[in-house]
Amino acid sequence: MSANVLTAAELAARLRQSPFNVWMDLRVIELNEQFIEIGLTWRPDMANARRDVAHGGIVGALIDTAADYAIAAKLGRAVPTVDLRIDYHLPARMGELRARARVVRLGGTLAVAEAEAFDSDGRMVASGRGTYFTAEPKG
Amino acid sequence: MSANVLTAAELAARLRQSPFNVWMDLRVIELNEQFIEIGLTWRPDMANARRDVAHGGIVGALIDTAADYAIAAKLGRAVPTVDLRIDYHLPARMGELRARARVVRLGGTLAVAEAEAFDSDGRMVASGRGTYFTAEPKG
Amino acid sequence: MSANVLTAAELAARLRQSPFNVWMDLRVIELNEQFIEIGLTWRPDMANARRDVAHGGIVGALIDTAADYAIAAKLGRAVPTVDLRIDYHLPARMGELRARARVVRLGGTLAVAEAEAFDSDGRMVASGRGTYFTAEPKG
Amino acid sequence: MSANVLTAAELAARLRQSPFNVWMDLRVIELNEQFIEIGLTWRPDMANARRDVAHGGIVGALIDTAADYAIAAKLGRAVPTVDLRIDYHLPARMGELRARARVVRLGGTLAVAEAEAFDSDGRMVASGRGTYFTAEPKG
């Protein structure tokens, strides 16, 4: 696998160019050559109908973003999601959520990355993988 | 396939028990025996880094919720998502987004539903399907 | 959606260029502008450990091939599978199996198609969807 | 994660109860507490239309079976596949193919396992994950 070409600070700056990422208050927690960790702090406005559980859309966005940024660290830019699979294992209760992501396969047109999301007790609440479009945008 | 046991108004009330659904301002647009349509109005705080495109997490949450509520209409309650696949076809630009969902298979333990999301020009921006847990929650 | 550019006979000839398709004895049952149906006759050497049920790999290959050929009918050639999701609904018992597939989204680089597989009693035993690579192969 | 309750020899015997697994000549290559490896030797009758490349259905069946047997090692029995995602990375050319699988989440009703498939040059040709039904079959 190729080496990282962006630092955690550079990825964090890029991450926060998205207003919805800012709303979720996504943060880069750790970056090394093997994985990236992206986290958020669960807020009541992120809840599903059970008010003590995060909405699946929040958990899915965290998984997708972490997998995307595992690729961004290698390529120097975030990439469009082609498709995404999320597995929900446990309700994500109040507290910190963090997703650890790694690149499975980095190709010139498509890449695959996967991520696992954990709550503040270290329980895996969700996991997943996505295909991302890595070809240079036309232009 | 079994008949609907909830009305659009009942599903809308249930939908809005989730604070994140309220934040997205999800609405039940149409309900019949074949499908349900759930919609939202794109806001700037839902954008990704390209400020004119909705974040994939918003589109994914819309697809997941529509598929879930296609099942809820038949069962009388929303059900936990086991896993979800989202395919992103086109950037979802400013305006209305709506997802039309139908039940593929309704079983006593698991169900599958699928959804297609369209922008206000009628272009399909995303589609997907999920597996949902339909067994009665343990008392 | 664009019109078909291959006939059922042309697709059937192409299908049988693959030795494993010949082993499965895959046949084009129907082709029109909306969908393609591809079928096989269940044989004992296709069984899983329950000798009266087809192996999931056979059902998955049928779903994948049907979805691929829905695209092939429009493009004039079969295309590589990028990724695939299969949902297994019911055991596929002895008899005929047929998968009906349609194109969800046909793009210049990627396409999405979905399929539903039925047994000879008309029960849906599996369904799924895949992403396929539609860009011209490099010369 | 719970300990293995079956040996490699016991899993191999169970594997070969399926006629299609016998046709593919699937073998248990390695089993430890972290992963299982299941392999096959590519034969011409497993080819797709490019006669030097394995059919995706064969690779998918290998991934599915490896993920299933990673769970079987922990539970003492193979389990039905609920749904499956396969990512195809590279053409699987002539030679040995092996899939290494591990359990991601083992629950009382559902489990998730993932697998990566490699050719004899150690290139990852495909990867994927599935949801499996782990509840006891009804008597």
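Should a chain be cited, it is by its letter among A, B, C and D, assigned in written order, with residues numbered from 1 in that chain.
One rule holds in what follows: a residue touches a chain if its C-beta (ideal position, glycine included) is under 8 Å from a C-beta of that chain, and two chains touch if they have at least 3 such contacts.
Quick caveat, the model's predicted, so the values are computed rather than measured.
Of all the chains, the one whose CA centre sits at the greatest distance from that of chain C is A. The chain pair with more C-beta contacts between its two chains, of B-C and C-D, is C-D. The distance from the centre of chain B to the centre of chain C, with each centre set as the mean of the Cα atoms, comes to 27 Å.
Chain centres here are Cα means. That of chain A falls 33 Å from that of chain C. Between chain C and chain D, the centres computed from C-alpha atoms are 21 Å apart.
Touching of two or more other chains is recorded for residues 82-83, 85, 87, 112, 131 of chain A.
For chain B in complex with chain C, the touching residues are 85, 87, 89, 104-105, 107, 112, 114, 116, 124, 127, 129, 131.
Chain D contributes residues 82-83, 85, 109-110, 112, 131, 133, 135 to its touches with chain B in the complex. The touching residues of chain D, counted against chain C in their complex, run 14, 17-21, 23-24, 44-49, 51, 55-58, 60-61, 64-65, 78, 80-88.
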